[in-house]
Each structure stands twice: as structure tokens, then as C-alpha cells.
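Once you scroll down, you'll see the structures, which are given as C-alpha cells.
Heads up, the next two complexes both have chain A, just with different partners, chain B and then chain C.
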Partner chain A sequence: MQRMLGVILAALMVLAAPLAAWATNGMNMIGTGAVSSGMGGADVAVPAGCTAIAGNPAQLATTCNRVVSVGGAFLNPQMEVTMPGQGGVDNEFQLFPLPFAGYAQRIGTSRWSVGVGVFAQGGMGVDFQNVKNFGGADDSLYSQVAFMRLAPTLAYNVTDKLTLGATVFAGYASIDYDFFPNGMQGQHVTGLSSFTIAGRLGANYQINDQWAVGATYTTESSLDFDGGEMRFNFGPGMGQVTYRDAKMDAFTWPRQVEVGVSFKPSPKWLLAFDISWVNWASAIKTVTVTASNPGTPVPAGYETLSVPFIMDWKDQLVFALGAQYEINDMWTVRAGYNYGQNPVPDNTLNPLFPAIVEHHLTAGFTFTYQDWDFDFALEHGFTNDQTNSGAPSPTNPFSGTEVSHYQDTMHIMVSYRF
Partner chain B sequence: MAFMLLLALLLLAPAPAAPAADAGPAWLGYAQAARLGRQDRRPIMLFFSAPWCYLCKKMRRLVFSDPELAGRLSEKAYAVAVDITREPRLGEVWAVKQVPTTIFLDPQGKPALRLTGYQNRSTLGRALDFVAGGHHRRTTWEAFSARP
Partner chain C sequence: MRRLRAMVGLAMLAALALGALPAHAAEGGIHWLDYAGAKAAQKKQAKPMLVYFHLPYCYRCKEMKNKVFSQAAVIGKLNAGFIAAKVDVDQNPATVKLYGSDYTPSYVFLDPGGKQVYRAKGVMGVERFLGMLDYVESRAYERQSLDQFLKGR
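== the complex of A and B ==
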């Protein structure tokens, strides 16, 4: 069963390739879907359709009959890395498609709603070409972390005011990276993948016609990457050796707690505010890549290589504020602001995994025509600069390196009710 | 640029006013509307909803609250709001399989038009004309609603 789900998700990832997201609350997207993203990701206590599958599952219970949604986002990161003694190097142009497809329905006029969807949870990636390696030669830094989830979801109206929901996440993740592959001890790693299961519980309480509160809890997803291959550069003499079995341990998608409130000051206005706690400190500590089964003979002691990435990310608080105004029964406009503390410590900053953007501003709209909704949102992540302040050491090779990053994302979605 | 335009739209939107009860037509009870409908030879509009139904609330907010439509509804028909969780028997009688569902009855109490799902002001206004004007006896809703 796990294998079959893994194959399905892997196929979806191939169809959506290149899928790697430069996600922005750490490695998470600030919101899924143009409605949530248009409100800065403030969606815990806001009615949703299919996108509740990726947000608060309790909001699936606002589905009135059947709805299918298809869409996604296009993300364009802009980064620069400046290593000590070098000029800044810009990231190659990247435009990542982040798909979403979902279906939700109420079971008759009962209190139960069900749905299923597949979506990009997040990820990250860089592509720095023509950057000098530690030996001074032209080289590259490249990474691509992609995480996709298939999410069957159930919601139940316990009372007219209280709704509960639950989602099972079947996730599939992949990682590739190049760490100065042309230089001494350089690595070219491909094909690491992992299947994982997690879950999310959600609740929404409609206090009155104006106020609602919501909360979610998401379990962590332990990702045991394997099935990869590493080409390791021993430098002059031994040259490059391909290790046919590579795996990565201790890379985890974090647990998360979210609480949110929504308020309708007038019939046409909706304001929403969420606070999230993301437990990166438990999820991303020291990630170790282990390579074995070399394709050519190697000296004793080199049959297995172990490469640690000391990351020690910090827990993250995310604040999301959104507003929505219904102009009439066809047009709705939205705006939002999202701040997520940078989870990457100064002393372990690694340009391969710099998820450092903090401030986001968003705006969007929905155009409703008969049974169709057309959602659109734009998201801008403002520039954040960070410098590795740790002492140089074999486990902190990027001491003194500065990374600068901003990004723009466009979200679109089409929903049909029937 | 588009981003700034959208932000400006939001900022220029009317400031939130003090919350007000949803305006709308005069909602009557089912029995009262049935009696008045027969007596005054007016159609009845049954609006089936549920507390969890987001689109039902949206119709209340954006469609029934429209003064022009609400005025026409109050003038030409009797409106009944049915919460299927509180009046499940009415939902069964009228075979309501989803909400929102809007059913227009002619003055004799016979179903003249059934609309399922979210309806905008324009569609609901035409539906009222269709039934109140007696067009449902001469043509189909599809043909009537397709007229310019």
C-alpha cells in the first residue's frame, strides 16, 4: 500500500516537475490556494472549499455540495550568494510550478463532509552556477527539496457552531543536491526519496455571526531518504567515485500548531489573524548523508562516507493577517501580510538550504461566475540578508558567506461547484 | 502594478460599518406563507439552508440583502427560509438533497421551479419573474432564462 501511494505521488511529482518549491515559512508555503495566500495565509478560522485539505480540515465542512478545484502557484525566487573574497553570484532563473488539485463534497445533507486532494506542501532549492569553490575553481551549488502530499480529509459538524476535521497526509519527498562537485570533497547527490505518513486535526468554533476561532495540530513527518546515488570527488589521484547507495537521515517535516480567529465587522468584510508555531528545532538538526557501495575500488576506510550537515534550525513563529471584502456577488478582493521568523541560525547558514525570507505581502481576488470561482493572488516575499557568523570548521565551510533572498509567487485556482 | 491596484481596491473599499442584521425580504414561516399565498394568489419562495452552509450565508449576505431584489420578493411573493437541521421534515417533503436549494411554488402550492446551489441576484430576479409572471405555465426555465 505504502509502495503504491509512493508510486502515485512520485508520478504526480514527475508530472509537475520541476516541483521544488522555494517555500517561505521555513520550507512551508505561507498558504495553499489563491484564497488563503491572498489573505497572507490567515485561513485557520476562514471558510474554505477544497483547500481545507491543505489547511484547517474542519473548514471542509463549509462545503455545501460538491466542489472540484484545480490550480497552483508559480514561484520565482531571486537569490544572491556572496562567499568571502568573492563577488556576489545570482541564482539562475527558476520558476517552480506548485500544483493543487482537490475534490470535496458533503454527504447528502448530513453533517459529514469528505474530500481528497494532492498538493505541494513546500520545499526549497537553489541553483548557483559559476560560483568559486574552496579551491578557487568555477563550480556550482544546487539543491532541490520537494515535498508533495496526498490528503484524504473528513469533517463533521458536531453542533451548529463546532466543527472538527481530520486529514491523513501521505507524503512523498525527494532531494537532489550539488555541493561543489568539481572541487575536493565535492558531492553530486541525486535520487534521494522518501515516503511518509502524517496527520492533521482541526477545529473551528463559530462563536456568533461575527466571530469564529479555529485551531490545527499537525504531526511531524519523519523522512528517511534512500535510493539515491552520490558521486564524491576525492580530488587528484582517486578522482570521482560513485557510491551507488546513498541515504539521508534526520530530515523531518516539523510538527505544527496553529490558532486563528476571524471577525466580520460588517456583512461584506472579513478579517482574519493566525499564529503558528513550527517545531523546526526538533525537525532539522544535523542531517547526515551516508553513501556506501562504491562503484570502483576505494582505499580501506572509504567504503562508507558520512557527510553531516549541521543545521540546528530554530522553532518558528508565524503571524498571518488577512482581509477580505466582497464587492458584490461576483467580485471579492483580498490582501494580507505574513511574517515568519527566520528559522535558520546565523552560525549554520548554508546556501544550499537558505529558507530565510520573513516578510510577505499578498493581494488577490475571486471572480465568481455562476458555479465557477476563479481565484488569483500575488505574493511578494521581501528581501532578507543573512551572513554565516560561525567560526570556520570542517562542519561549517560557509563561514562568512552571505545570502540574500526575495521572491514573487503567483497563485491561480479554478473551482467548480456542482 | 496589479499588486498595488488590488491593495488600493481594498483600501478604497467602504470602511467596515457597525454589524447589521442581514437585510432581505420579509421571511415568513412555512404555514403562514402557504396560507397567505393561497389567499393572495402569490407564489412562495422556499430557501433551504443549513447553519454550516457557507454558500447559504453568502446568498443571505450578497443576494437576499440586495434592496431591489428584496423589495421585489416581498412585493411579488412570500419568502420562507427553511433550516433543514431544524425542520428536516420540510427537507424530506420537498426532496432537498443539497443546500442551498431554492424552490418556487405557484399560488396553488405546486412546485414551479427548483434551483440548486448558489444563485446570484440576476438569476434569482429572473426566477421570480418566471414564476410570478406565470411564465412557468407556458415555457421552460431554460428557455426563459436564455432570453436576453
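== the complex of A and C ==
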């Protein structure tokens, strides 16, 4: 059984790595797993099974025996970009699979629990075809940012009220993008990838049978993308030149602090509320793509290209509110609301990286049959519109561009306790 | 004056009644014994025994405590018809080994003669737990599964 689980996890990590995610607390998913997502992502002080690996690791200590969970989400973003003097262009149909797989167990009859999981932390992506470039020709804007994490987790019951947990996040991220590749100075970048290590500490304190509080701290994940390739369009004359070494600097996954509280007004009801602070201001500033080693001769001074994306994201506060009600032994229903301040400033809005959705409503249920849980949740991110208000300049080519975005996500998960 | 006497009388009767009740009932809960105590009690009383395996920090055990073991019907049924043993699996490795039950929460039932007759695990609701107690008490395990028994009720 353990050998099989190892094979499954390794396969999922490999299969999931190229998948893009579109997430909406900045680039983070609002929750991981159908239970957390069904409650709007309010999960810091809520007992969890395997999904504690991606949430509050201290909640892994509530693992009573052994549990394996497999599932994920399917995310369908709907976006429209309107550039000055042009009509709106909708993005192409996209359905992103975001997998999750995890295993957790108590170590013998001890106070320790251990688990490992692989999951989509977040990302973003757009696919606008037939949008006019700055020269007025049909062109495309495309981006795909994906971030997967493999997370071994350890949790400890200090007392029957206090639990602590720690997770090591081994992350793999990839980025591809097209920035008007048919136009002058257009770029087609593929294959940028990076491995990274980060960590999360978590605590949970059960004040009494009704109230619990929890907190987590996540370190920053420094990402050094390389191994990519850039095709740069010099326009008539030189045409397109492929640079065989491309890298991206200063793109970082942020540190984060979360606090949460849960309340059980009766044995059947559970209410939860989280506040998170996400330090995007330190993570996403000016992202620079550097390309070198051109495949064909280029004039002196063009051996290395440097393309800056001034983004200067703002720190983000996220508020998550969730409720759960157990109808009977087999059915539990949930609902939630999540608000995450838009971290993208008006004056640096870039339609390649528009993580702008703020309001989410969620609903879900769990069907329990003997040792099996079948979890399901739907999440709707409401439309948010934003216009680039910055003055036009070489580093702000999207001045006056408007982006509109909403999305729907379906979460499913199956868990087996043994 | 007559009313006062009546009230004092009633109060005395109530106090006597409370005093006559076993300590566990006065505490309002299940009369849990440790495993050795339960085995000793079973030798004196011809009752089936529930051996409940738990951990103090097991979330699902807390769920059973809050949702099931706190219910009057469960408390009454267990106290009246069963000997109830509570085994902390971390503190009682010998008992865990004896029954091969380190899963929490889990339940092992012994007949009045001390023979293991039924076992179950996991969180369950009040109805199913009470049904399981009826199932063991009526010896229905000799002829059908718990699910068949519950469907036929």
C-alpha cells in the first residue's frame, strides 16, 4: 500500500507540474481541497485531514489513524481585455485541472502525525487570441504561471488542546508567455522553470469544545527561473531571433501570515473565520526577463536582452468566512465567502498577469459512507474590472487597457480512512 | 407551614434519590471503567462489555464524546445494559495488542462470558451507535450483519 502511494504521488507531481493554475487571492488558491474551498478557504482553525498539508500543518495532528485523499479542482476563468481604441477581446476557453493528492497518518499511538502531499499552490494565465498589437496587427497575449508544491508535514499534539505543525514546501514553478510575438519587440517565451524550498509553521489551540484558534506563518519562496528560450521579434529586417538561454529574476512567491478562529455553536454547526496577510509587495516588484545566447548573429549590443515588467504588487489582506452544517451521519453541507484585496496596482496592470478577482462565494458538501468521504464544492469568483491608469511609457505599454475577469471552479475529493 | 414541610420533604426525597443513584449517573455521564476494572466487573455482572479505544487528542474521538457519548439515550443504554471500558491506546499497549485495535475511535464488544463478538470503528451518529448496542445486546450478530439488523428494525 505504501509503495503504491509513493508511486501515485511521484506520478502526480510529474503530471501536474506543467499544469497552469489560475488563482484569485493574488496568485494563491483561496483554499485547498473541497472542504476548505467549500468554506471559502476559512480553514486555519478547522480540523482537517490530508489537506492540512496545504493549510495549517498543525491540523494534521487531528489525524486519528491513516487517511489518503485524492482529488483536485477544475477552474474555468472568463476574461476580457479591452485595449485603447479596440473592442473587447474574450480569452479562449480554458479549463485548468489542479490536482491534489495526500497521505497522512498518526505515528503508531504516539502524539505525532506525519503526512505528505502534492498540490497546486496557485498561478495564473491568460489566452487572448486575435487581439491587436501596438502595430494594429492581429496578435496574441498568452501567459501560464504554474506552481506546484510537494509537502512533507509533521504535527505534534503538545496537549489535548495545543497542536503544532511544520511543513517543508518543495516547489516547482514554470512560466510561459507570449507578448504580442508577431509585433515589433514581441516575445515568445517558453520553458522557464524553477525549484524552490519554503516552509510553513502552524499552531492550533482548542480553547474548549466550542472555540478554537489557529495561526500559520509561511516563508517566502524565492524562484529563480531559468532554462527557458525566448523568440524576440526585431521587426522587418532582422525578423525573429531565438535566444537559447532565458531566465527570469525577482519573481517570488510571498510570505504569508494567517490567523483563524472556529466556533461550534452546536454539535452540528461549525463556523470559521480567517484573516490572512500576503506580502506581495516584497515578492512581486520589477520582474526582469533576460535572454542571451542568440541562435543567429545579432548586431553588437543585442547579444543579451533584458525585458523588465514593472508590477509593484501591493500587500493583500484576505478575509474568509465559512459555515458547515451536518445534516446527518452521511451528509454535511458548507458555504463560504472569501474577499481578497486586489494586489495589482491600477498603474501597473498588465493583462498577462491580472490576478484581480476579489469576491468569491462557495458552497459544497461531503457525503460520508463508512470509511469514505466524497467532498464536492463550487466556487464563483465575481467579476472585477480594472483599468491601467498609468501614463504610457516603454515600461507601461498597457496604459488605458481594461481587464475584466470572473471565474468558476469545481472541487472534488475522495478520502479513505483506514 | 404545611407547604414548607412539603417542600423540605420533597427536597429530602430528591436528595435520597440522588444518593441512591450510582456515582456515574450523578455525574451525568457514562460509567467508564479502565479495562482491568471492567473485566472484574463483568465477572460479577452478566452483561456484555464495550471496550472503547481512544486517544485524548484524537479529533474523531472528541467528536464521539461531544456528539454521541453526551446523549442521554446513549448514557442510559450503556450504563444500564453494558460494562463500559475506556482504553487510551497510548497508555495501554497490552490491551491494544490483545485486541489488535490501535484505530481510534474503535469499539470491541465482548459477550457476558468475555468472548469477543463484534467490533466497529470510526465516528458514527447516535442512531447507529444505539442500534449497534441493541445489535450486541440482542445477540443479533449470531445471525446477521449490523447493517441488515439496522435495516430490519
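Everything below uses one rule, namely that the second predicted complex is superposed on the first by the 401 of 418 C-alpha atoms of A that agree within 3 Å, B and C clash if a C-alpha of one lies under 4 Å from a C-alpha of the other, contacts with A are read in each partner's own complex, and residues count from 1 in each chain.
Convention: a residue touches a chain if its C-beta (ideal position, glycine included) is under 8 Å from a C-beta of that chain, and two chains touch if they have at least 3 such contacts.
Quick caveat, the model's predicted, so the values are computed rather than measured.
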Clash or fit, chain B versus chain C on superposed chain A: clash
First (chain B), second (chain C), both or neither touched by A:328: both
Touching partner for A:365 - first (chain B), second (chain C), both, neither: first
Touched partner set for A:115, first chain B, second chain C, both or neither: neither
Contacts of A:72 with chain B and chain C, given as first, second, both or neither: neither
Contacts of A:417 with chain B and chain C, given as first, second, both or neither: both
Chain touching more of chain A, residue-wise (chain B, chain C): B
Partner chain in contact with A:163 - chain B first, chain C second, else both or neither: both
First, second, both or neither for A:62, with chain B first and chain C second: both
Residues of chain A contacting chain B in one complex and chain C in the other: 47, 61-62, 64-65, 108-109, 111, 157, 160, 163, 209, 267, 328-329, 370-371, 417
Touch list for chain C against partner chain A, complex: 55-62, 66-67, 89-90, 93, 96, 102-105, 121-122, 124-125, 127-128
Parts of chain B lying in touch with chain A, wherever the complex brings them together: 2-3, 6-7, 9-10, 13-14, 16-20, 22, 50-56, 58, 61-63, 65, 84-85, 91, 96-100, 116-118, 120-121, 123
Interface residues, chain A side, partner chain C - complex: 47, 61-62, 64-65, 108-111, 157, 159-160, 163, 209, 267, 328-329, 370-371, 417
Chain B contact footprint on chain A (complex, rising order): 47, 61-65, 106, 108-109, 111, 157, 160-161, 163, 206, 209-210, 264-269, 323, 325-330, 333-335, 361, 363-365, 368, 370-371, 378, 380, 417-418
